[in-house]
Amino acid sequence: MTVRIPDTNPLAMPSLSAAPALALHDVSKRYGRRWALARLTYALPAGRSLLLTGHNGSGKTTLLRLVATALGPTAGKVEVLGHDAVQERDTVRREVGLLSHASFLYEDLTAQQNLVVLARLLGHPSPGDVADTLLTRVGLGRRSDNAVRGFSAGMRKRLAIARLLLKAPRIALLDEPFGELDPAGIHDMEGIIAELKASGVTVVLATHLVEQGLTLCEERLHLQDGRAVAA
Amino acid sequence: MNRPAPIGLLRATLALLRKDLLIEWRTRARLNAIVFFALATLLMFSFALGPDTRLLEKNAGGYFWLAILFASVLALGESFRVESENACMDGVRLAPADARAIYLSKALGNALLLVALGTLLLPVMVALYGVKVVTGFVDLGCVLLLGSLALSAPGTVYAAISSNARARDVLLPLLLFPLVIPALLSAAKATTLVLQGDPMNQLNSWLGLLLGFNLIYWGVGFLLFPRIIED
Amino acid sequence: MTTLMTLGVLAQVGSGRIQGGWGYVWSCYGITVAALVLYSLSLWLRRPQAPQDAKE
Amino acid sequence: MNKLIKWGLPLAGLGVLAAGWWLGLAWAPPDREMGDVQRIMYVHVPLQWMAMVAMLLNFVAAVSYLLRGNASWKLDSTAESAAEVGLLLGTLGMVTGAIWGRPTWGVYWSWDPRLTSEAIMLVTYTGYLVLRRFVEDPDKRATWSAVVAILGAINLPIVWFSVRWWRSLHQVQSSPKTVDPQMVLPLRVSAIGLLLITIFFLITRYRLALAERQAEVALPDALPEASGSVVSNAHKVA
């Protein structure tokens, strides 16, 4: 699968704003009685990419979902490209793309329809064409009219990354992008991430595969029990 | 692929409504099951009350709306189950789509479904209960439309809540049934008047009550729904 | 209240005022007292386990 | 202050309520039509009034909770305590009303708008409390139950109105009647007594709810301080 990341996106240039790509000020997040993140403070300089590591349940996914504004912080402040993730939620949502464990895909729709739905929400004038182009790019061109329900885990991952690319985000939040992929798929995903970075997108990568992650990211944040610790 | 300008509330609502209807169409087997459930309910009333056609005819309006109410609980639950699979609701929220557009599209979609269901149930009711449409099909259409809108406005709010809680199947009717009593009462009463004649010209006051109920709950739902689905 | 009284009149057409009925009265007061006592008991049983610094 | 609420309030409430009930049962004259059965009023009516007060408090707390930007556990606890106390008083009000209905109407239940609205109110707030049980996340629980409380409260006048309409063909219009002044005094005294007891219940239940909330949302510094000092230099790896 050859993926060409559109390099015509003027918003994707890293030097446009001097604000850190990502700034967490004393951020905590509680799920019921459990603290998933506890008083986390961190800043990711503009133009750098971040590798998030830590065991299961250490707070990586929570952190990504907070930055994506899928969740609101219980306490503290999250800033994305200088925008407050609570006050300017819609602005932040337009700038970030989240590749999550959950694929955000409608099982009963086809691959193409899934992308068309998002393209319409984003206001693309010709959603069908945009969707077809992206499906070809992630190597799902021939399966575009099949319902997602019949897709393998790898194909879902490809469709989910197409969904992320459709948003043309300035910050790509990738939660275990290599999970459920075969070696060829992992290779392709590495290519996508490299191209995202080359086009100026800030990548935040949460993964167990520290080796792959270290070659792709300049910064690293290791989480343990919702706190930052030395790796 | 430049990012297009964000779309407004109305276009977002239409895009989401189109998506919901597409899913309903592609999963029409599920839709059929709901229709047959409502038909079976109508049939069960006949059995439970014995073959007294006069009694059935007299109470037809009530049975009709009870069948629709029971079916609406299934349809509402289903429409949010589709969104919780693969966390699709998150995908739509983060697109970003206005939460109020999500409310309007869901509530309108469910109302349309109930109108269609009512249209299908009517001939069956004529056959089973021996009713006649006395005051005309325009009146009946008004009752069906207003009644369906009245059930789905609060129903959508409560389905969104209960779909994320434990024991969702019990919770939705427990919350919804007491709330829709005024709507059920006036819709059943108005239907009875349409089917049995309206000598005292009461139909309009019941339709007025339904309209008021709709205005209140569409307004409240529109205002409060974002608080339910956003963290 | 007035509705109840009027209905009371209707229910008693011809017989004038309701005689006796203290059983109903006592059961109302009894049920209420019992429920209030039970609720107080449940509040006491659910009382928060106070930390050491609070005087309890 | 604490002692006053804990002992003074319920004792005063009990005293006043006992006085009111004594006045009602022994001092006030029997009603012209209903006779001694009418003495149920001194327990039934204060219960209904206090149930209304509690439900109103629940509504106000729910609206204020949603209007506040950040989660206010005090308002959430107020809403929870008011709903529970209101449900208790409302149920008692309905039971005493039904018992009263038996000798006066000949039946325990009639589809009177007031009774019907109250029954629906009780189901609504039962649903409200059940919902609170079924949601673990305190923030979501507070927000969702506030929404349910508001929708349910808005519904009550609509129910009352629609049931009155629904019944209007069958119901005899009631005419206002003067109540004997000797009935007003015991009613007022009983109401004040029950008000004090209600306030005591609300405060006690509120403290209980607030303690539960605070246990749920203890600040993160209650967590073991896991090498917090290295946070500042943990992220430079490259």
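All chains are identified by letter, namely A, B, C and D, in their written order; residue positions are counted from 1 within each chain.
Keep in mind that, in the parts below, a contact is a pair of C-beta atoms (placed from the backbone, for glycine too) under 8 Å apart; a residue touches a chain by one contact, two chains touch by 3 or more.
Since this is a predicted model, take the numbers as computed values, not measurements.
Participant: So which chain is farthest from chain C, going by the mean of the CA atoms in each chain?
Facilitator: That would be chain A.
Participant: Report, in whole Å, the distance between the mean C-alpha point of chain B and the mean C-alpha point of chain C.
Facilitator: Computed value for the inter-centroid distance: 40 Å.
Participant: Provide the C-alpha centroid distance between chain B and chain D, rounded to the nearest whole angstrom.
Facilitator: Centre separation, chain B to chain D: 31 Å.
Participant: Taking the mean of the CA coordinates per chain, how far is chain A from chain B in Å?
Facilitator: So the centroids are 37 Å from each other.
Participant: In angstrom, rounded to a whole number, how far apart do the mean CA points of chain A and chain D lie?
Facilitator: Centre-to-centre distance between chain A and chain D: 47 Å.
Participant: Which residues of chain A are in contact with two or more other chains?
Facilitator: Within chain A, no residue touches at least two other chains.
Participant: List, in ascending order, every residue of chain D touching at least 2 other chains.
Facilitator: 136, 139
Participant: Show me, using the given definition of touch, all chain pairs that touch one another.
Facilitator: Touching chain pairs, listed by label, are A-B, A-D, B-D, C-D.
Participant: In the complex, go through chain B and note every residue touching chain D.
Facilitator: Touch residues, chain B against chain D: 154, 157-158, 161-162, 164-167, 171, 174-175, 177-179, 181-182, 185-186, 189, 205-206, 209, 212-213, 216-217, 220, 224, 227-228, 231.
Participant: Under the stated contact criterion, what part of chain D meets chain C in this complex?
Facilitator: For this pair, the touching residues of chain D are 10, 21, 25, 30-41, 43-45, 47, 88, 91-92, 95-96, 99-106, 110, 112, 114, 172, 174-177, 179, 197, 201, 204-205, 207-208, 211-212.
Participant: Contact residues on chain B for chain A in the complex?
Facilitator: For this pair, the touching residues of chain B are 1-7, 11-12, 15-16, 18-19, 22-23, 26-27, 82, 85-88, 90-97, 230-231.
Participant: Which residues of chain D touch chain A in the complex?
Facilitator: On the chain D side, the touching residues are 136-139, 215-217, 219-221, 223, 226-228, 230-231, 233-238.
Participant: Spell out the residues on chain A that touch chain D in their complex, using ranges where they run on.
Facilitator: It is residues 28, 30-33, 35, 38-42, 51, 74-75, 214, 217-222, 224-231 of chain A that touch chain D.
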